[in-house]
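Two complexes come next, and they have one chain in common, chain A, joined by chain B in the first and chain C in the second.
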Partner chain A sequence: MTTRGGKRRIAQAGRDTTPAPDTYVFQLFVAGDEPNSALALGNLVRICDAHIAGRYEIHTVDVLKNADAAYKHNVIVTPTVILTRPLPSVTLFGTLRDPAQVLAALRLTGAR
Partner chain B sequence: MTTPQRRAHRKDPAGPLTRARDIPKEPTGIAGLDVVLGGGVPAGRVTILSGGPGSGKSTMGLQLLLTGANAGDAGILVMFEERAATVRQDAWSRGWDLARLERKNKLCLLDARLDPKAVIAGEFSINGLLAILDRRITAMRAKYVVIDAVDALLHLYDSPTRERHELYALHEWLLDRGVTTIMTVKAIDEAEARSRYAFLDFMADCVIHVDQRVTAQITTRRLRVIKYRGSGYGRNEYPFVINESGITIIPMTSNVLQHRPPGPRVSSGTAWLDEALAGGYRQGTAVLIAGTAGAGKTTLACLFTRAACLRGERVLYLNFEESPEAMVANMLSPGLDLQPLIAKGTLAIRSYLPEAMGVEEHLFHSLEDMSQFQPTSVIVDAISACRRMGSEQAAFEYLMRILNACKERGITCMCLNQSSGRESIEDISGIGISSLIDTVILLRHRQAGDTMVRQLVVMKARGSRHSEQFHEFRVTDRGLDLVKA
Partner chain C sequence: MSPQGTAHREGIDSLTGAAGLARALRTHEVDAIVGVRDIMFVRLKQAEDELESSRNQLRALTAHLLSVRDSERVAIARELHDEFGQALTSLQLGLAWLARNVKPAQKPLLTKIGALSDATTSLIRSVKNITVELRPGALDELGLAKTLKSSAREFEGSAGIPCGFRTNTAGATFDRPAAVAVYRIVQAALTNVARHARASNVTVALMKRTYDLVVTVRDDGKGISRKLIDSQNSLGIIGMRERTVALGGTFTLASSRSNGTLLTARIPLSRVVIGPATAA
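And then the complex of A and B:
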């Protein structure tokens, strides 16, 4: 998971190359600077910092710049967050405005 | 499938549905639909196609894309419900090779199904889809977009206001790209389509509704254009069929002005009847032979058939009561051997079970038979059986169109009808087609002492001084013999 193309590493833990086994890896698909996408990123960082601080990575993909990536991952709506690690993967649409709902979806309920 | 001519501006002076200043259009390649739409769907605009499940919306959309792709114009199919593999397979069963067009970059199947397990957590938009679509449209220089089952997308939104807002945004976006678009929307019935998606009808430039209904256990498909901004269109409901090669719509172009004038007289195959008819039937006219069961209707028709075939003409016999084998065997009794005519290829007998299909499928098959066989005469045996295609209305539609098709092509059409023999001339056809019938012959039985006597009377022969006498005749092994009084 290296930084390339339209991907931007927001936060990271462990080494630059491979994330540590207990690291949560997210792909966040945004559409330029639309408000919903900005809200989703802010909310995701806030939730992660509160519950899995130092153990997460967020790779953002701007679909306006990288439509092929959106096509490859079948991303129809923005913002879309895909938790790619740990498996099974989880997909969320929207601004992630309700932390309780997001935590439950990400199986983080009960995490510190 | 055929590749229709592509003309952005169709100016067909003969087309009754076309106006001189119609907006630019794109032909859909669907036989008949382009006639109803006066040339095609609006170019660079959005057409809504609504209808229930299995009504043929997706097939119509795909057919537009194929017409474009075969003419060299690329198109994109956005699927909200179906898998690309399924669409390819279904198309393959119709003989449409989508993979080939995809390889040539003329067609793109865009799977836009949303992950059903995805969690909806707050506001979102379809910018992802638009980004992908934008990229594809530019890369392929696509001219057409078909968005299949747009309602599946709308169900994601929790409020009708949001639903509407997103669709307006999508509509604007598509107009900005200048692509010719068809959006299909599922609706169980027209009433539902008009309430839930009424705003779509206002938004789009062209709205078409298709449905599938069952009347008297027979399924028929109908299509209706609800609106077409800036263009004239056929305002009726049109029956259509979906068969292995796609969709065919049979528009009612019952323009009497296109009927050809009656041709020369041709023999009825029976000398004394020719005399009664002042020389025989006239080529390109409609003849009705009505009569009680066993009065000799089929024999009379077959005598005409044989005479026509021996003149070197071609006869198409549409039989709704017997198989070709049974008919050939039965006609041996009055001394008529039809087998050599079939072998020579001048006679074609096509037997169809009336209740096997809906009226438009019957029409489709009959018109197909006519265009393949190119007959000079068509015989329909019997129109009384046509009622079993669904209803009186179905029989009327079928006969009306067959008669019109014959008259436009100068084909003699002979219809047989079983009747009690006591009707007035107006309802002798039983189906209300008498205005299109030029000659009416009535056959009946009469009891004379302890024997049965057959009688024939010419009740009507447009433009002829026909005999008004009741002719008594016998069926012999030489045909129908006049009994001298």
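And then the complex of A and C:
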């Protein structure tokens, strides 16, 4: 995983970080480096960099390594992304390939 | 509702909740299902893509093989005609010269020369037959419809089964690869009828429809089982199908014990390039 310009923080599952109050926090559930999981991560990063650069955290959870976290969050497929902050939380399924739909679902339309 | 609000609703509807889950599954955007006890990979799309691409490769390969085979045939026919045919002809001339120059004392040689000359004549005839078989020159001279008509007549003569021919393409000229394909399909079909069908009537038709050129060969024989039609060993049938598919067409064999067999090959007109003669 590469990081561009230090704007993006990708935390690993289980590591406890305390985000700044205006930070968007995502839990992205993936299955190893399966193609759809990889697509979802790439798309999410691209959308966040374009709209909330420097104000987001993506915690990726590999369900192959951490199935308990998946059960705990009722994740039944990968890729699944959960916006945990700000509340209310939102759960999205799939590769997030349509930025407009993702932005709307995440209440990010116009959040630039 | 504001445009922004509409987009918001659509985003929520299509990505979240049961609808979002259903959509992700339907569009193959899911790669694993997390069960209570295990995690199941979903690689359907990938498998489908791989299947599709290997199927396409197989098609391309078959089409390539068929076209290589056709051009090989043409090359062999040309070689046979030009080289072998010429050589046999000069052999024939040489024998004729010998016969003319035999001295009375060498009379017995004449019989031998006569036999060699007869053998040469029959060799020349078989080379000619082979050339014709390899390279349906008639296709170029007569055009597809007339060639098929004469195939039907030849078939009647050799198989002893009445064979009708219908067409609405008289006078049309076809792209050579398409014409060769149709010709070979009909040849193979008629050979099958003669060999397997025990038919008492056959009809060949070459019909131009709005979008397709439709070739049919119908017999009233014993029919073919579905199993034989789909068998990997029915190389003749596979060849006919692949020739059709290579031209972007579809091939079907419909058969029943009481109704005999109906072979249909449909080739899109765009791949057949009918000459101006049928512009009407």
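Keep this in mind: the second predicted complex is superposed on the first by the 96 of 112 C-alpha atoms of A that agree within 3 Å, B and C clash if a C-alpha of one lies under 4 Å from a C-alpha of the other, contacts with A are read in each partner's own complex, and residues count from 1 in each chain.
Just so we're on the same page, a residue touches a chain if its C-beta (ideal position, glycine included) is under 8 Å from a C-beta of that chain, and two chains touch if they have at least 3 such contacts.
It should be emphasised that the depicted structure is a prediction, and the values quoted were computed from it without experimental measurement.
Novice: After aligning the two structures on chain A, examine chain B and chain C and state clash or fit.
Specialist: clash
Novice: On the A-aligned overlay, A:100 touches which partner chain: chain B = first, chain C = second, or both, or neither?
Specialist: second
Novice: By the touch definition at the top of the document, which applies to A:34: first (chain B), second (chain C), both, or neither?
Specialist: both
Novice: Figure out whether A:76 sits in contact with chain B (first) or chain C (second), or with both, or with neither.
Specialist: both
Novice: With the two structures laid over each other on chain A, which partner does A:68 touch: chain B (first), chain C (second), both, or neither?
Specialist: Touch status of A:68: first partner only.
Novice: Once the structures are superposed on A, label A:44 by its partner contacts, choosing first (chain B), second (chain C), both or neither.
Specialist: After superposition on chain A, A:44 lies in contact with neither partner.
Novice: Which partner does A:91 contact after superposing on A: first (chain B), second (chain C), both, neither?
Specialist: So A:91 meets both chain B and chain C here.
Novice: In the overlay, answer first, second, both or neither for which of chain B and chain C A:109 touches.
Specialist: Once the two structures are laid over each other on A, A:109 reaches chain C alone.
Novice: If I apply the document's touch criterion, which positions on chain A are contacted by chain B in one structure and by chain C in the other?
Specialist: Touching chain B in the first complex and chain C in the second, residues 29, 31, 34, 36, 39, 63-64, 67, 70-71, 75-79, 90-98, 101-102, 105 of chain A appear in both lists.
Novice: Mind listing the chain A positions that touch chain C in their complex?
Specialist: Answer in residue numbers: 29, 31, 34-37, 39, 63-64, 67, 70-71, 75-79, 90-98, 100-107, 109-110.
Novice: Flag every residue of chain B that touches chain A in the complex, lowest number first.
Specialist: Counting only chain B, the residues touching chain A are 110-115, 117-129, 131-132, 134-136, 153, 156.
Novice: Per the contact definition, I'd like the list of chain C residues that touch chain A in the complex.
Specialist: Within the complex, chain C touches chain A at residues 4, 7-12, 14-17, 20-21, 23-25, 27-34, 36, 39, 41-42, 46.
Novice: Considering the complex alone, what residue numbers of chain A touch chain B?
Specialist: 29, 31, 34, 36, 39-40, 63-64, 67-68, 70-71, 74-80, 90-98, 101-102, 105
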